[in-house]
Structure formats: structure tokens, C-alpha cells
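Have a look at this one before I ask anything.
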Amino acid sequence: MMNNNQAAYDRAITVFSPDGRLYQVEYAREAVKRGTTAVGIKCQDGVVLIVDKRINSRLLEANSIEKIFKIDEHIGVASSGLVGDARALVDRARVEAQINRISYDEPIDVETLSKKLGDHMQTYTQFGGARPYGTALLITGISDGEFRLFETDPSGTLLEYKATGIGTGRPAVMKLFEEEYTYECSLDDAIKLGLKALHEATEGKFDVSTVEIGVISRSEGIFRKMTREEVATYIDQPAA
Amino acid sequence: MMNNNQAAYDRAITVFSPDGRLYQVEYAREAVKRGTTAVGIKCQDGVVLIVDKRINSRLLEANSIEKIFKIDEHIGVASSGLVGDARALVDRARVEAQINRISYDEPIDVETLSKKLGDHMQTYTQFGGARPYGTALLITGISDGEFRLFETDPSGTLLEYKATGIGTGRPAVMKLFEEEYTYECSLDDAIKLGLKALHEATEGKFDVSTVEIGVISRSEGIFRKMTREEVATYIDQPAA
Amino acid sequence: MMNNNQAAYDRAITVFSPDGRLYQVEYAREAVKRGTTAVGIKCQDGVVLIVDKRINSRLLEANSIEKIFKIDEHIGVASSGLVGDARALVDRARVEAQINRISYDEPIDVETLSKKLGDHMQTYTQFGGARPYGTALLITGISDGEFRLFETDPSGTLLEYKATGIGTGRPAVMKLFEEEYTYECSLDDAIKLGLKALHEATEGKFDVSTVEIGVISRSEGIFRKMTREEVATYIDQPAA
Amino acid sequence: MMNNNQAAYDRAITVFSPDGRLYQVEYAREAVKRGTTAVGIKCQDGVVLIVDKRINSRLLEANSIEKIFKIDEHIGVASSGLVGDARALVDRARVEAQINRISYDEPIDVETLSKKLGDHMQTYTQFGGARPYGTALLITGISDGEFRLFETDPSGTLLEYKATGIGTGRPAVMKLFEEEYTYECSLDDAIKLGLKALHEATEGKFDVSTVEIGVISRSEGIFRKMTREEVATYIDQPAA
Amino acid sequence: MMNNNQAAYDRAITVFSPDGRLYQVEYAREAVKRGTTAVGIKCQDGVVLIVDKRINSRLLEANSIEKIFKIDEHIGVASSGLVGDARALVDRARVEAQINRISYDEPIDVETLSKKLGDHMQTYTQFGGARPYGTALLITGISDGEFRLFETDPSGTLLEYKATGIGTGRPAVMKLFEEEYTYECSLDDAIKLGLKALHEATEGKFDVSTVEIGVISRSEGIFRKMTREEVATYIDQPAA
Amino acid sequence: MMNNNQAAYDRAITVFSPDGRLYQVEYAREAVKRGTTAVGIKCQDGVVLIVDKRINSRLLEANSIEKIFKIDEHIGVASSGLVGDARALVDRARVEAQINRISYDEPIDVETLSKKLGDHMQTYTQFGGARPYGTALLITGISDGEFRLFETDPSGTLLEYKATGIGTGRPAVMKLFEEEYTYECSLDDAIKLGLKALHEATEGKFDVSTVEIGVISRSEGIFRKMTREEVATYIDQPAA
Amino acid sequence: MMNNNQAAYDRAITVFSPDGRLYQVEYAREAVKRGTTAVGIKCQDGVVLIVDKRINSRLLEANSIEKIFKIDEHIGVASSGLVGDARALVDRARVEAQINRISYDEPIDVETLSKKLGDHMQTYTQFGGARPYGTALLITGISDGEFRLFETDPSGTLLEYKATGIGTGRPAVMKLFEEEYTYECSLDDAIKLGLKALHEATEGKFDVSTVEIGVISRSEGIFRKMTREEVATYIDQPAA
């Protein structure tokens, strides 16, 4: 339900409403809320990103719906919201990571990269001539032996979480995490918790072919996407 | 049926609606839905693009209505929607392919090219001063011995299919493919399935002079458009 | 008769209507429909462009109303619609043709030139800050021993015809061509058919001083505009 | 009388009306129709431009109201409509003429210059950010021994006339010319016809001090403005 | 009294009204009509500019209200309308005059400078993004031994007068000049006529401290502003 | 009370109203009228600027509210209106003063600097894309042994005063100055007059901690801001 | 409650309202008023910034919500309002500080940096194409042995305080400071006063994990953020 006052201030990102809100940024967040659900979980053994890809046709090549992206050896990203926007941000992240390697001969710090992406997204909320990004990202990686898990939203706000979710299923995911999450668990258990959360968020409508998982384990120290076979082992062992 | 709320947010690509939608992109998709039907099918022996050109005058030079374009030795594209927009995208694709050959001395990867086109189309959904492309593309090709078949839409979304269709007849085409498609068939059978799909999508109103077919067979390994004689052999053998 | 929905989307080329149309491009086509009638006909012996110049004052220098333009030795163009727009496109065509001669030391291919013009016109349907061209062109020429006859419209769409017409009289012209056109005729017969078509399209209101004819015969191999004397011989021999 | 449809499309040159018209260009023509009357006449002995300057105060320096401009040795221009716009076009014409002399070491062809001006004016009817020129020009000159007389209007349309008029009095002038004009007359007679036309167009309200005359005679071969004494001789000899 | 039609076309200089008028230019002229009155008079002995500065506070430094400006040795300008706009034009005039001296090593011709200013002002009536100048200028000077007196208005129109006035009092001034002005008088008499005109235009509300006078006499040949003492001598001798 | 006509023309600085006014400039003047009161007074012994800083919290560092700024050794400025705008103009003034010293190796003339600032402010009243400055300045200084006191307003108008005031209290200040001001007084008396004026303008609500005073005395020849101790001596000696 | 007049002027920063206000700047201040509360206090022994981070989920990494930023060795900043905007300003501040070190080989003066930030923010209130910053900053630091504490707001206004607060709790904070603040206290006492103010502003809803404290003590002379352990010691000792 929208009143007249809102309608008068909601068509340009360069206009504040009388109560100091930027409606276009809030509407961009709605695009994220309509997106597929993605979760990220840190634990003592590693960090995991899990996405429900919502494939509904056997004609689609399942792995063409990419919602988890490897950015650099040590960094991965999951997205929710407008697909084209996400790809544009992923491209940007990869370029930033490569520039860092070329300039300093070392992998980019996860927080540095996250801030660069957040700053870039903020720009699109202040200047006219374009719209904000209609996408949220979970950015995970390992820097100096520590696992990091950042979340950005269309306003460019950047928050670090122990466990979080974006997209349609966020409320269900966060409710479960508040209740059951613990840092002191194995990566296996974290994956199971994430799958359980996705299961609840999608009301049970997901199977192995539609789940994408990306992990960094302490032993491997790099970000990699699991094969379908690996994913299948988790689906076979029902979570919780 | 459009309500007032929609009308208030649908005239600029730089404006989200309160529920996070970009109406101008959705309207551009309508231009695609009004376009001629094109289908693409991958099988173990190759990949095929088939287009119904809808010629309705004997005064027209049939082959001037080009809906299937050779982009590079190993890549072909079929389009549906605004004709001028499609040609602009095809030009861009050809330039990208040539740049790759000049820069790296090797053919461009099909997925790389598809992403470049999708990224380009996404740009037109975020920045003001232009409208989104009113066209969808089926991009097919062979890279590293594998057949690929991508579909882009005006939002810049990129999906890989085993078999798909764009344009007016998409619903009829997809229905048939869901029921009858199989990867394990000969290229000949794939072509016949495609023609059958087009036949249903156009309610039988098409003949050899209005069908354009492009193929990559495993034996040839390059994209080529069939001659009218070749096409005629398939029309003579009624599909299914 | 226009409804409210149309009115809301028809004032900018950067805006799609909800059904995926670009009204400004369609309105530009109306400018063409108000233009003088021009016809183009290919036959085995050559190709001809004929225009009715609609001169209505003895004070006008008849040959100052130029509707047929020589672009290069082997290419000619006929236009209908906004006169100033046509001249701008003709200028562009001439420059493209000269650039080709300078760069490659050979005449530009007719299809290449036609596509360049179509691409240029498409640009004006996608970007803001200008309006589409309010003109259609018939582009004819000879490349590799073959006669070509292309038609562009304000959307940048490019079609090749055996025989076609643009401007006010197009419906009458096309009706006649569908019935009487044949490729297997002499250039003389083609000219007579074109004059007959113009005669019907203008309801008989035209005479030698207002008709402009451009031809490429197989024997000459170059585009030239007929002298008034030559034109007179055809008028004297009533068509059909 | 203007209806609502017109009002919706008439405030930008980048917008076509549903019937394919450019109202801003048509309104610019109204500025010309409100301008002072100018006539141009070609005959076998030369060409003449005559303008009624409509001076209505003895405090004005009559020759400061310049409506006829020498562009180059062999070219002159008369204008009607917005005075500042005309001066801008005249400046441009003079620069083009000088560039030609510097680049090719020869006087610019009258038709070439006229097309350059028409092209320039067309540009202002297609691109946003400026308005069309509110002025019409009569461009006369001699090239290759031939007298030329071109007329441009705000749309950039270019027509060559034997005799024509622009400004408020155009209808009256054209009516007289259609009836009485003949190419086979002396320059003197042409001047007298022009003065008679102006006389009728202004309903007799003009005298020697307000008439400006520019001529190119075959014997002189250059454009020059007549002195007030010369002009007086024609006024004393009543035309017709 | 303004009707609806006017209101629809009067908010942008890039928009003609249906009757071919530019309302924004006409409104800029209103700013001039609200300005202080300035007069200029040529006679056989010289030329004079007189301005009523309308000072109404003893706290103001009278000579800080500059309405008459020396542009170069031989040129002076009087202005009426927006004060800041006038100063911007005066700055421009001075730069043009200096450029001429540097480029050609001679003083700029009065007419040349006047046209440059008029052209500059015209530009602001055709292109968007700025408003027209809300000021009129009287430009006077001596070139080749001749006195010149030009008047520009916001449209960029340039007229040469023997005697003229701008600002609020223009109607009263012109009425007096039409009746009493003569070229054959002394500079002293011209000054007296100008003061008389100002006196009538201001209904007698002016005194020596508020009058500014600039002159070029034939004997001096340069433009100079009179001292207050000189001005006082004319005030003491009542005009007429 | 605003009528409909005003409302139609008051939202852009590039639009004149039908009576030739620029409402946005007039509204910017309202921002000045809401500002703190500042006064400037010239006398035979020097010049003084006095500002009431209106401090209302003991938590504020009083000298952080700077309303009087030293621009160069010999020039000071007082401002009223938007604080951020004033600082931007002060920055600009300082840069101009430094450029003058670097370019000519001498202090900038007070009038030259004032005109530069006024010209800069005028620009913001003619071009779109920005708003006029919402601030007025009192610019004082000494050049060639003479004290100068200029006032600019948002339109870029520049006036020189013997004594003047800006901001909320201007009417009260000017009334007092018209009655009591005299040039022939000591700097001490001028300061006392200024304080008395401020006292009346603020209805007595000001004390030493909120008054800022800047002076140039003939003996010192430079601009300096008084210390709080100096200011206190004037407050203790009640003015008038 | 907003009336029609306000609504007409409040959607662009380039538009003054008739009473000289910039509504968009005022609306940006509302974004600050909705922000988390931050306080800054100077005392004889140092300066302290304290922020209530309002964390409400155990899943959040508390130190990822950064509201206090170290800019340079000797400067720190606290922010309230739009998070992305604050980060953009902090980035800018850090760059300015580094440029100063590189250019002059010395730390930037606190006031200089504050003015640079204020000037930058002012720019966004005068030019179109972007919105003002929706954030306020407390900038603290030590220069020449003196502690400084500046506050900027969206208009670019810069004020120096002894003690102040921004964000939702500002009214409560200022009320307490007016009553209880004294410069002559220890840094410990200042911290306790700040915590007490925050406690009142948040109605007691804050604990050690959500409070962030930054200090410069006279003995250390640099800005540093306190560890959680240090913060805990203050929370344990209830303020007041």
C-alpha cells in the first residue's frame, strides 16, 4: 500500500523523500527479495555458499544457471536478484582481483574487495543516469588464514556475518540460523545446516540437480565449487 | 490490463517499480514475443538452428530476410524480435570474434562470446539515454569439441539449453521439446524435430522457401547455413 | 484513433510500449507514407528506379527536386519521406562509398552499403537525443554482375526485393507488382511496368516533366539518370 | 485551431506526431511567414533579389537593416524570419565560401553551398538541445555561367526556383509570378516584376528607402547590392 | 493576460509556439523594459550615451552603479536590464576588442564588434541549457571617421540608429526623438536633447548625481565618460 | 502569497517569467534574508565589518562559526545566507587573490576581485544544472590607499556602499545608517555605529562572544579580525 | 505535514523554494536523524568518539559494523546516516590525508581536512545529477597539540563543538551535555559522560558488544579505537 507522498519521491535515485528515504534503493531491494535463495555459513573448518537454482525444465543445462562464482583462488561469490546485474558485478570483482595480483603480486584481501564492490554499488544510489544494482551478493574468502563472509545490498551497505541468507527465503533462513547456528562445527555440519535452511526456505522443493555449493575448507585453503557427485552425498544424508 | 501503479514506473529503464521490477525490460521482451519463431537443438551429433522467416510476398528476395547469421567459422546466431536491433548485435558479435582471433590467434570460446553479448545487453537495462534491445538471440557453436547453445534475452540474462525456442511460437515449441526431445539422436532427427516444432508453432503455415537452417555437425565442425536444396530434402520428408 | 495507453508511450524512442512497440518509429513510418511514390524493379536486363516528383508550379526548376541520387558509379538511391533527412542519408552513403574506394581501391558492395545505412538508421531508434529518420530508401546497384534492390525503413530494417514501392502509393504499386511483375522481361518492359504502377498510384496525375528515372542496364553496368528526352519516349508509349 | 493530439507532440523536434509530422519545424515555418517579404527572380540576363525592409522610423539607419547579404563575389542571399538566426546562417555561408576558396582555390559552386546550408538546417530538426532555424533563405549566384536561385526553409528542404518569394507576402508574390513571370526578359524587367510583386504583397506600403536590391547581371558576373540611387530609378518608373 | 496556448510554449528557448514565436526571448525583453532608461544620440559633431542610474540611497557610492562602460579607446556601451548579464556582455566585448588589437594591431571596427555581440546573444536563443540574456545594449563608437550607434536586444537582433533609447523610458524617449531629433546639431545640443528625453522618461525624477554621460566628440575621437562637474554644467542649463 | 503564474516559472534559473523575472534568483535572495546580519561601514579612518554570529549553545566553539573571512592581506569578506555556499565563494576569492599575486606579483585590486566574484555568481543565474548561490557578501579592502566596500547578491549584481548591511536585519540597519551615518568619523565611531545597528537589528540579543569584527585602519593598512578582548572594549562602551 | 507549496520545490537540489530553502538538503538531514547515535567530547586530556552500533543479531560480526573510522594517525571520524555514503566520505578523507603527507610530508591539519569534506558535501547541494550526502560526520583529531572536534551535515555546514551528538539520539545527548559537560575533566570522565548520553539516547538498550569507542589521549597523541576489553571496563563502571 503506497500513499501519495511516497509516489512523489520514488522515481529517481537523486531524490530524497521528506523522511530521508531513497525509495529507488528500497525498490531495488525488492528485486533481491524476489531472487533465488542463497545462504552462506562460516565455521571453524571453513566457509560454504549454497544456492537453490530453481531449475524447472529438463531442457536447461543446469550448470548454465550460475549463481555461485569463483572470483579468485581464495574468493567466491553467491548472488540473488537480477541475473544480468549480478554478472556485471562478478565481472568487476574478477577484474579488481586480477588488478591486485598484477599491482601487488598478492591475492586481494577479501574485505578490500568487498568494500570496493560496496563502494561501486553506493555510487549507483547517488548519481543520476542509471539505476541501482538490483542484486545482493554474499562474498566469501580467506585472507591471512581467516574466513570472511560479507553481504552487500543495493545501497552499497556492507555487513560481515557468521551465517546469513539473501533472496526470497531470507526470513526462513535467518530464523533457522538464529536458532541452530554454531561456529564450532565441522564444514560438513555447516553444509548440512545450509541445506536444511534452503529446504525450509523452498518448502522442500529442491533436489541435487538444482543445488550449487561452493566451499573453502581449512585444509584446501581455496574456493571451489563442488561437483554434482559431492553435492549428491549431502542430499542423500538428510540434514537434521 | 495495467493498473495505475505500473503506469507510473514503466517509462524509464532507470526506474524500479515498487515491487522491484523493470517494466521497460519486460516490454522489450514483448517485442521478442511478437517476433518470428526460431528454435535451437543440440544432439550428440551436432547442433541446429531453424527459423521460420514468414515471407508473404513473391516480390521479396527470400534470402534477404536473414534470421540466422554466421558469426565465425564455429559460431552461428538466430534472432527474434526487432530486426535492426538483431543486426546491431550480430555486428557486435562478429567484431568480438575477430578481435579474439587477432588478439589470441584462436577462435573465441562460445561461452565467452555469449557472456560478452549478455553483458552488453545488460548495460542497456541499467543506464539511461537508450532503450534495451528488443531482441533475443540463440547463440550456438562448438568449443573444445563440445556443442553449446545459449539464449539471451533483453535483460542480458544468459541461459544454456539443450533445446529451446524464441519468438511468437516459443510456448508451442517448448511444449513439444519437453515431450519429445532427446539428446541421443542424429542431427537429421534433431532437424526433423525442429521442423515439427516450427510446424506446430506456425500452425502449419510454412514451406521450404521460408525456412532457414544453420548447422554444426560433428563431422564438419563448422557452422554453415544449409542450401535451399538441402532444406527441401527435410521438408519433403515430413517430420514425425 | 489512439487510446490512452498509446499516448503514454509514444513520445520517446527510448521507451517501449507495454506490447513491445516503438511508437516513434511507427510515426516516422507515417512520414514515409505521406511521401512521394517511388518504385524499384529488377529484371534480367537491369534494374530501374522511378519517382513521381509531384511538381505543381511552373516556377520550380523541375530537376531541383531530386528524389533519385547517384551514390557511386554502380549505385543509385530513390527516397520518400522527409526531404532533408533523405539528403542527409544520401550524403552519408556517398561518403561510405568513397571511403571504400580509398580504403580498398574497389567499389563498395551494394549489400554492404545498404547494411551500413540500415545500421545507421537503427541507431536513431535506440538512443535518445534525436529522432528516427523520417525517410525510406530504395537502394539499387550492381555487384559481382548481379543486380540488387534493397529497401530500408525508419527502423533500420533492410529487405531485398525483386520489385517494390515506397511512399503514398505503395499499396497500389505492390498490388500491381504482385499481379504483373516478372523477372524475365526487358529493361524497357520493367520501366513500362514501373510507370504503369506510378500512374495507378497517382491516379493518373503525372507527366514527363515530373517523372525521374534511374537505371542500370546489363550492357552499361553503371547507374545513370535518364534525360528528359529518354523519359519522354516512355511516356509517349503508354504502359500496358 | 489546434486539437489535443497536436498539443501532445509539438514541443520537441525529436518527437514525431502520430501522423508523421514534426510540429516544431512547422512552427518554425510560421516564424518565416511572419517575416518581411523577399523575392528572387531569374531571367536570361541575370538574377535579382528584392526585399522590403519595412522601416518605420526616421531614427533608424536604413542600411543597418540588412536583409540581403553578399556571401562571396558570385553569391548573394536574402532572408526572412528571425533576424538573429539569418545572421548566423549568413556567417556560416561566408565561412563555407572562404574555406572553398582556400581549399580548392576557386569559388564555391552555388548548389554546393546551398546544400551545405540545407544540411546544416536539417540537423537542427533531428537532434535535441536546440530549436530549428526560424528563417528561410533565398540563395542566388552564378556558377559555370548559369544563374541559380535556391530556397531553403527551416526543415532544410532545398528547392530551385525560376522565381519565388518568402515571408509574409509569399502567397501574393507567387500568385503574380505564376501569372506574369517569363524567363525571356531583361534584368530590368525582372526587377520591375519583383517590385510589382512586393508592391502587391505589402499593399503598396513601401518606398525607395525601404527597398533593398541585389543583382547579378550577365555582363558583370558578380553579385552586388544596388545603391539607393539605382533603386530610386526603378521606383520612379512604376512597375507594370 | 496570457492564454493557455501561450503557457504551453513559453518555458524553453528551444520551443517555438504554434505561431512561430519564442516566448522566452520575449520575456527576456520584459527584463529590459523594467531596466533603467538609457539613450544614445548621433550628431554631426559626435555621439553621446546618457543613462539615468536611479540611485535612491545616500549610502550608495554613485559611481559604483556603472551603466556606461568604456570598451576600447573608441567604443563605449550603455546597458539596460539585468545588471549581471550586462557585465558579462561588457567583459566579452572588452576581450573581443583586445583580441582584435593583438591579432591585427588595430582597433576593432564598431560594426564588427556589435555583430559579434549580437551573434553571441542569438546563440542563447537557440540552444538549451541556458537562458537568453536579459539585457539590451547601446554600442557606440567611431570607425573610419564615422560615428556608429548600434542597439542589440535579447534576440540578438542588431539595428543601427541615429538616436534611440532602451529600458523603461523607451516609449517616451522615442516619441521625443521622432519629433525633435536632428543630425545637424552640436554635440552640446545632442546632450541637451538626451537629458530632456531622460527627464520626460523619468517624469523629472533625476539629478546630476544620478546621470552618467559618455561621449565621443569629433575633436577628441575617443570615448570618455564625463566627470560629474561636466555633467553638472548640462543639468544647470535646463534642456529645451 | 503566490499566484499560479509565478508557480509556472519559478523552478528553473533558465526560465524567465512573462514579466521578465528570474524567480529562482529571487528565492535565493530569500535565503540571504534568512541569514545572520552583517554590516560594513567605511569612514575616513578605515573600514569595518561586523557580524552577529547568533551562537546559542555553550557547547559550540564560538570561533568555529566564521562569518568574516580574511581573503588576502588587504581584503576581508563578511557573508550572510547559506554557510556552505559562502565558504565556497571565500575559497574562490582566496584562490583569485593568490593567482593575482603569483601572476603580477602584487595584491589584487579590491574592485577586480569583487567583479570576478560577481561574474562567477552571475553564471549560476544563466546556465542550467546548478542553482544560484544562496549567499550575499560584503567585500572590503584597501587599494591605492582607498577603502572600498562592495556588496554582491545572488544575481551577481555588484554595488559599492559607504555603509550597508545584509541578512535578516538589513532593513533595520539601513534605516539607522540613512539617519546617522557620516563618512567623517573615526574608525572607533564607525565600529560603535555598526554595533548599534546590529543591536537594533537583533533587538538587543547579542553579546561580545557572538560578535565578530574585522577592520582595516588607515594606520595598519591591512585587514585583521579583532580579538575577543578588543571586541569586548566596544561592547563595554555602549554605542550611541 | 507538508503543504502544496513545499511539494512543488522539494524534488531537486537545484531548486530554491520561494522562502529560500533547499528541501532536498533538509530531507537528507532526515536520513541523518534516522541514523545511529554518535557522540564526540573534547576535554583537557583528550577527545573521544562513541557510537552505539545497534546490533540485533548474533549472526552479525559485530566489528563489521564500523561507525568509527581511523583516517590518519591523528584523525578519526564517526558517522551517522546512510552507511554507504559515510564510507564514500571516509574513503575521500583518507585519500586527502595521504595526499597531504605525500605533498607536504606532514600530517593534514584537522580543520583543513574538515573543510575539504564540508566543501565536497556543499558541491552536492548546488549541482544537479546527484543527491546530497545523507550522512553527518564527527571529525576529531589533534593538530599543533590542540584537540579539535568538527561536525558536518548534508549541507556542508561545518561547526566546531566542545561536545556534540548526531543521529537519532541527538536531542537527548545535547540536553545532557548542556547540563553536565565540562572541559576540565579527565578523558575517563569524558568517556563516562558520553556513555551516559548514549544510554539516555537509546533508553538503555545498549551493551558493550554494540559500543564502539575511539580516543586520542594527550599522552598517546594518536587516534585509536578501543579494544572490546577496554570498552568493557567502562560499561562495568556505570556512568554518573
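Order of writing sets the labels: A, B, C, D, E, F and G. Residues in every chain begin at 1.
In this section, a contact is a pair of C-beta atoms (placed from the backbone, for glycine too) under 8 Å apart; a residue touches a chain by one contact, two chains touch by 3 or more.
Everything numeric here is computed off the predicted structure, so don't read it as measured data.
Centroids built from CA atoms put subunit C at 55 Å from subunit A. Multi-chain contact residues of subunit B (touching two or more other chains) are listed as 12-13, 128-129. Because contacts link each chain to exactly two others and close back on themselves, their graph is best described as a ring. Order of chains round the ring, counted from subunit A and going first to subunit G: A, G, F, E, D, C, B. Listed in rising order, the residues of subunit F touching subunit E in the complex are 5, 8-9, 12-22, 115, 118-119, 121-123, 125-129, 150, 155-164, 174, 177-178, 181. Contact residues on subunit F toward subunit G in their complex (touch as defined above): 2, 7, 10-13, 23-24, 27-34, 57-61, 63-65, 82-85, 87-88, 91, 124, 128-134.
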